[in-house]
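Going by the order they are written in, the chains are A, B, C and D; count residues from 1 in each one.
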Amino acid sequence: MCSRCRERCHRPRPPRPALGLALALSLPLALAGCEREARRLELPPSAPLAAPSKAGVLYPGPYASAPVRVTAADPVVRGQRVEENAYAVSQGKRWFRWFNCSGCHAGGGGGDMGPPLSDDRWLYGHELPQVVASILQGRPNGMPAFAGRISEEQAWQLAAYVRSLSGQLRSDVAGGRSDAMGSGEPEQRREREVPRPDAAPPTVR
Amino acid sequence: MATRIRPLQRRPHARGPEPRTFAAAALAALVLGLLPLAAVAAPPFGAGSQDALRTGGPQAALILDLWRLLLAVCGVVFAAVMAAFGVALWRARRGTRDTPPELQGPLRGEPRSARLVAAATGASAVGLCGLIVASVLTDRALARLPLSNALHVELTAHQWWWQARYDDADPSRTFETANELHLPAGRPVLLTLHADDVIHSFWVPNLSGKKDLIPGRTATLALRADVPGRYRGQCAEFCGLQHAGMALEVVVEPDAAYAAWAERQRRPAEPPTDPQAQRGQRLFLAGTCAMCHAIQGTDAAARRAPDLTHLAGRARLAAGTVPNGRAQLAAWIADPAAFKPGTNMPGHRYAPEDLDALVAYLETLR
Amino acid sequence: MSEPPADAVPAAEAARLHATWSDPPGLLGRLASIDHKVIGRRFIATAFGFFLAGGLLAALMRLQLARPQNGLVGPDLYAQLFTMHGTTMMFLFAVPVMQAFAVYLVPLMVGARSIAFPRMNAFAYWIYLMGGLMLYGAFLLNVGPDAGWFAYVPLAGPEYSPGKRVDFWAQLITFTELSGLLEAIVIITTVFKLRAPGMALHRVPLFVWAMLVTAFMVLFAMPAVMLASTGLILDRLVGTHFYNPGEGGDALLWQHLFWFFGHPEVYFIFIPGLGFMSALLATFSRRPVFGYSAMVLSLIATAFLSFGLWVHHMFATNLPELGKSFFTAASMMIAIPSAVQIFCWIATLATGRLWFRTPMLFALAFFFILVLGGMTGLMLASVPLDLQVHDTYFVVAHLHYVLIGGAVFPLFGALYYWYPKMTGRLMSERLGRWNFWLFFVGFNLTFFPMHQLGLEGMPRRVYTYPAGLGWDGLNLLATVGALVIAASVALLLFNAWRSARHGEPAGDNPWQAATLEWATASPPPRANFDRPPVVHGREPLWEAPREPRHVKGLATDAREVLVTTVLDAQPDHRAGYPDPSIWPFVSALATTVLFVGSIFTPWAAVWGLAPVAIALTAWFWPKPHETDAHLRMERAPR
Amino acid sequence: MSLRNEEALRRLDEAQRLVRADGAVLDVGALPSFGFGHRSLMWWGTLGLIAVEGTVFALTVFSYFYLRSHSSQWPLDGAPPVLLWGSLNTAILLASLLPNHWTKQAAERLDLRRVRIGIAACLAMSFLFLGVRVLEFQTLNTRWDADAYGSAVWMLLGLHTLHLVTDTFDTAVLAVLMFTGPLEGRRYVDVSENALYWYFVVISWLPLYAVIYWAPRWP
């Protein structure tokens, strides 16, 4: 087990029998399991996020000109951590409902007024930081900016969930069916949609 | 008087020089040094405020009577069985490994033992029938609580808080609150129970037995609170990480006091006048708060988290886990997970003056 | 009074029998063992291992609750702790340990050479072991289930329990239920078909009756939880909607299915305890238990009634009133058969010659603790009262009084009682008495205050509680009691470990008991009896010997058992028995791969079937040398 | 049960005659080394499995009607399953009782030639209805993840299919064994108990058929 992983799972544990045997048997699952199952309940509060200059800006600048504002030390590590953590992804699903993302993208991300999130087209990039940027900064034609309205942690969790809608996450991390009416195929059962390279973001003039 | 922030749950591990520690220290300095310090208004819950043996209404009292009856009957039966057992042990002869086993008696049949066992069994059956009757009678008495003139409250359980809507024939007079029920003494209440996510259970032991709130189903519970006072209720069905931190405060007060409270609840929040509070309101509406919370009379109308229209009038924050006061409110906003690990409310790193303003605004929501 | 009949078996015949029924040497031989005594010992040791693990989890919980707002354990770990504790104690300890004792004792007590379906018996043990290791492996990796041992949906469902924690729980259920069901079939068949000639049903020892009744209950109760957990895992993994109210499912379906199993489960932990009691009280009162027929009928009545009580776990769920009254009545009436047994035992004690040894002390403690637990059970059966104390510490107190008083105290007594049979040495009496008193005091110190805590409003499954509600003192007391229990269990372990080497040699029948397991050596030879006994009464070793005493004519150079008729135990035919086989172990491994794999992909349930099918076929496929041996002895029925 | 009462009594008498009490010992050496029906251990084992699986089926049917009682409309969405394949399969299953019974009797007479013919016939029928079963799944008009109705129907049909597959596999292994050996008397007991289990699979299908295909058509 890598030391980082061990540190994260660091919790008081009772001694258990057959420790060595169990470890040896499940080492392959261990690395994945450890991160997948962590519940980081006491994360430090997000770093301050500048509220948008005008509250409720719906049409921020174009994709290219607005670099992603990532405050964590290492965005890649942070992104991986969120995307490997089932609890974080399930929280993302909760925010998707709470913040009414489903109002435009439909429950399960099938798309309605807003573009579908479960297909292979990514107007503004499919990488996790790009999705976070889309959420925080908004996109032309209707996607509001959520910077300052949700915590950064929530944005990452939300983005991870959004990526699970098109099968980008491991199936043991992505969520199962919802306790609700018709929310489509469970995320964990979705085929991975290979992001189409030709679906580049439109340049906004 | 300065009140120390006392988290419900101390963090299990220090995380080294994390921003959190720094933030907490800064916050504490800020809260203790700069803010005009407010004494905590919350009256503490004492022993017996969540107690099935101290009743505040007829439903709980009926059950308590049944408990006393069962305790007496079972106590007598237990004593009788123990006495028989004791006498048997005391009077029986002693044996060892080499005692030849007694086979003749069992072969001949043991009429005396048989008679005693039969008699004891018969007595048990009769006693049990009595208990069944007592139980059924109590059940029927509970169901007969008169409900004319009942107050209707719709209670929805969420992970991990209680949402209450006070119904009224006149829709404009319904209002919403959270985590703190006020009930008029002596007037029956009909609770309609829903669950938003998982199964919870409504339980205020001083007032009534419990009832589960199950997603996809609706249940009702009738109760009456006769004795004014503050009672504590708690979710009684394991509902996830903060099951322990899902309390409900029930304030039973005389009719007039209740009416005044209800009238206050119906009013939207008053716009703040103080510039600091006004700034706080802007922060509230433009920030993360309004994504989940509602404040009547403002644009904040989300219903994912407790309605804050009259937050400052409540004794406690976060479903009964944190006493309501300036310092606590600030600490809670900054780092809710320190009090309720697992809560769905995110932490915030506001600049000190922003936090100050926000708290000042929330303090105006009386 | 008679000594067990002297054995007139020539040494050469005994040696041949020993060679025939021995396991092959080496590690492979151990894995291939299908000797019910070997499997039984492993089973008991494994179950006690899980008991210790579950106890440690409980001790951690008690430490966390020792004072209000304690910070030892956070909510996430606490949820795992109580889920693991409940799951371990119910599924990995209480039910299996009873079956484990049955696996060891029932064939000996009915005078059989072996157990029915010995390979299936071995398979059931391996499945149980692997299921338990899987669960604890998962727990070590922070994948411990955290939705309670009852796993109520929707909390345990796909939306509110992300990750694989609950899937491991659901698969553990599959493991232990598979094991439990197979053991039930093994025990039923052993009791029905392998009894010594002459042991008609009305001569079967009460302990064996208890195990038989339990096995039947398992047969009809466990399928419910297997179905429920299959529905859960399908909901979680392939998106079915059994428990999704949004698509026509229902959360209460889970509760109905779970408690349809869950309530009988309490009784199939408790009824073997009653069996232990009857065995212990007879021996240490120096007389048969009073009222054999009443005892047997009570066991059967308890089993039947226990299937009609499940709704009393659901009184708070808004069910129709009439139904609840019915379940109140049923829940109270089940007290009657238990009361009959208690009265019969008191009559036994009163007319017996009492010999106070450690096993007897544990049996006597049963009266105080179980009767008290029974009283609180009556209270819980009452709907209005249950609505107050349901899901509070009152219930925690009640269930521990019933399960520890009704099952664990007799079980510890049984351990002291049969330990000499299993090892050939007696456990230390002095340590035994310390063990008993510490356990008795610690138990009551821990759990009695919880009644009061529940009435004073403390709910279950909270990882912490605020100060000032009046719960602090009693909680601290309970924690102190838990430490006393821990000391007592440590003493038990020490006693068992030390006595294995230094205990007083036991001889065949150290307690001068009446049942057949004491008619053979301690520990019993590989073939159980050099010559299987013939039975003429209910207390074979206490009654004057009658002829014929032994069975002759079973092969000594090949494994052969005598099959008798169900009611009268008349000899019916000789059945050739399989040799030790590695395939049950391999099949269990393959099944484990299938079960664990299907947590991660439903397709594992398809490709995982291939190795299972291969292993099972290899298991079933006759070995030529076995067939030859059987053919040599074959005689077709006419 | 193929054993009539008098037959059973006759066998019991015979066993009595074969057992000799000789002073201190009871000599059982002359007893047969296997027996059919409830005389054999295997019969009890099979019966135990049948009890377990019968309970599972009963509880699944209970769950089906429990879920139905909570819905105003059933099926929740869409049409009931197509009758054709299910009914055809019911007919095939019932027909399979014939070779099954014939094989069981041949086994109890230790008639290897007939057992071979019979078990081959049984196996052929097994494959036939497994084939039709695939068509059944395709014409259920619902999916397991469509709604609770779909889940319940798939559960019912899936459970029964699991039993079909298991028993087909058992039969196949047994058939190979009967053709290749090594053989001994107890193998005929296995054939007989396999047939007993098949009775259960067929008979348990009848209520399941009624539930899956006719319950949704019943108002």
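The rule is short, and it goes like this: a residue touches a chain if its C-beta (ideal position, glycine included) is under 8 Å from a C-beta of that chain, and two chains touch if they have at least 3 such contacts.
Only a predicted model underlies this, so the values are computations on that prediction, with no experimental measurement involved.
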Query raised in the report: Using C-alpha centroids, which chain lies at the maximum separation from chain C?
Result: A
Query - Top-ranked pair of chains - ranking by C-beta pairs in contact - result: B-C
Query raised in the report: How many angstrom lie between the CA centroids of chain C and chain D, rounded to a whole number?
Result: 30
Report task. Could you give the separation in Å between the centres of chain B and chain C, each centre being the mean of its C-alpha atoms? Result -> 38
Report summary line: Taking each chain's centre as the mean of its CA atoms, chain B sits from chain D at a distance in Å of 54
Query raised in the report: Tell me, which residues of chain B touch at least two other chains?
Result: 11-12, 197, 215, 241, 341-342
Requested in this report: Would you please write down the residue numbers of chain C that are in contact with two or more other chains?
Outcome: 72-76, 154, 159-160, 235, 238-241, 244-247, 250
Query - Residue numbers of chain A (touch at least two other chains) - result: 11-12, 39, 41-42, 177, 179, 185-186
Query raised in the report: In the complex of these two chains, what residues of chain B are touching chain A?
Result: 11-13, 15, 18-20, 23, 197, 215, 241, 285-288, 290-292, 302, 304, 334-335, 337-338, 341-342, 344, 346-351
Query - Sites on chain C touched by chain B in the complex - result: 1, 69, 71-76, 79, 147-148, 152, 154-155, 159-160, 245-246, 250-252, 284-288, 290-291, 294, 316-318, 321, 324-325, 328-329, 332-333, 335-336, 339-340, 342-344, 346-347, 349-356, 364, 367-368, 371-372, 375-376, 378-379, 381-392, 455-457, 459-466, 468-470, 510-512, 514, 539, 542-543
Query raised in the report: In their complex, what parts of chain A are in touch with chain B?
Result: 10-12, 39, 41-48, 51, 55-56, 91, 94, 98-99, 148-151, 153-154, 179
Query - chain C partner contacts - residues on chain B that touch it in the complex - result: 6-12, 44-53, 60, 62-63, 66-67, 70-71, 74-75, 77-78, 81-82, 84-85, 87-89, 91-103, 105-106, 110, 113-114, 116-117, 120-121, 124-125, 128, 131-132, 134-136, 138-139, 142-143, 159, 197-199, 201, 203, 205-206, 208-212, 214-217, 219-220, 232, 234-244, 321, 341-342
Report summary line: Within the complex, chain A is touched by chain C residues 49-50, 52-53, 56-57, 59-60, 72-77, 133, 136-143, 154, 157-160, 162-165, 235-241, 243-247, 600-601
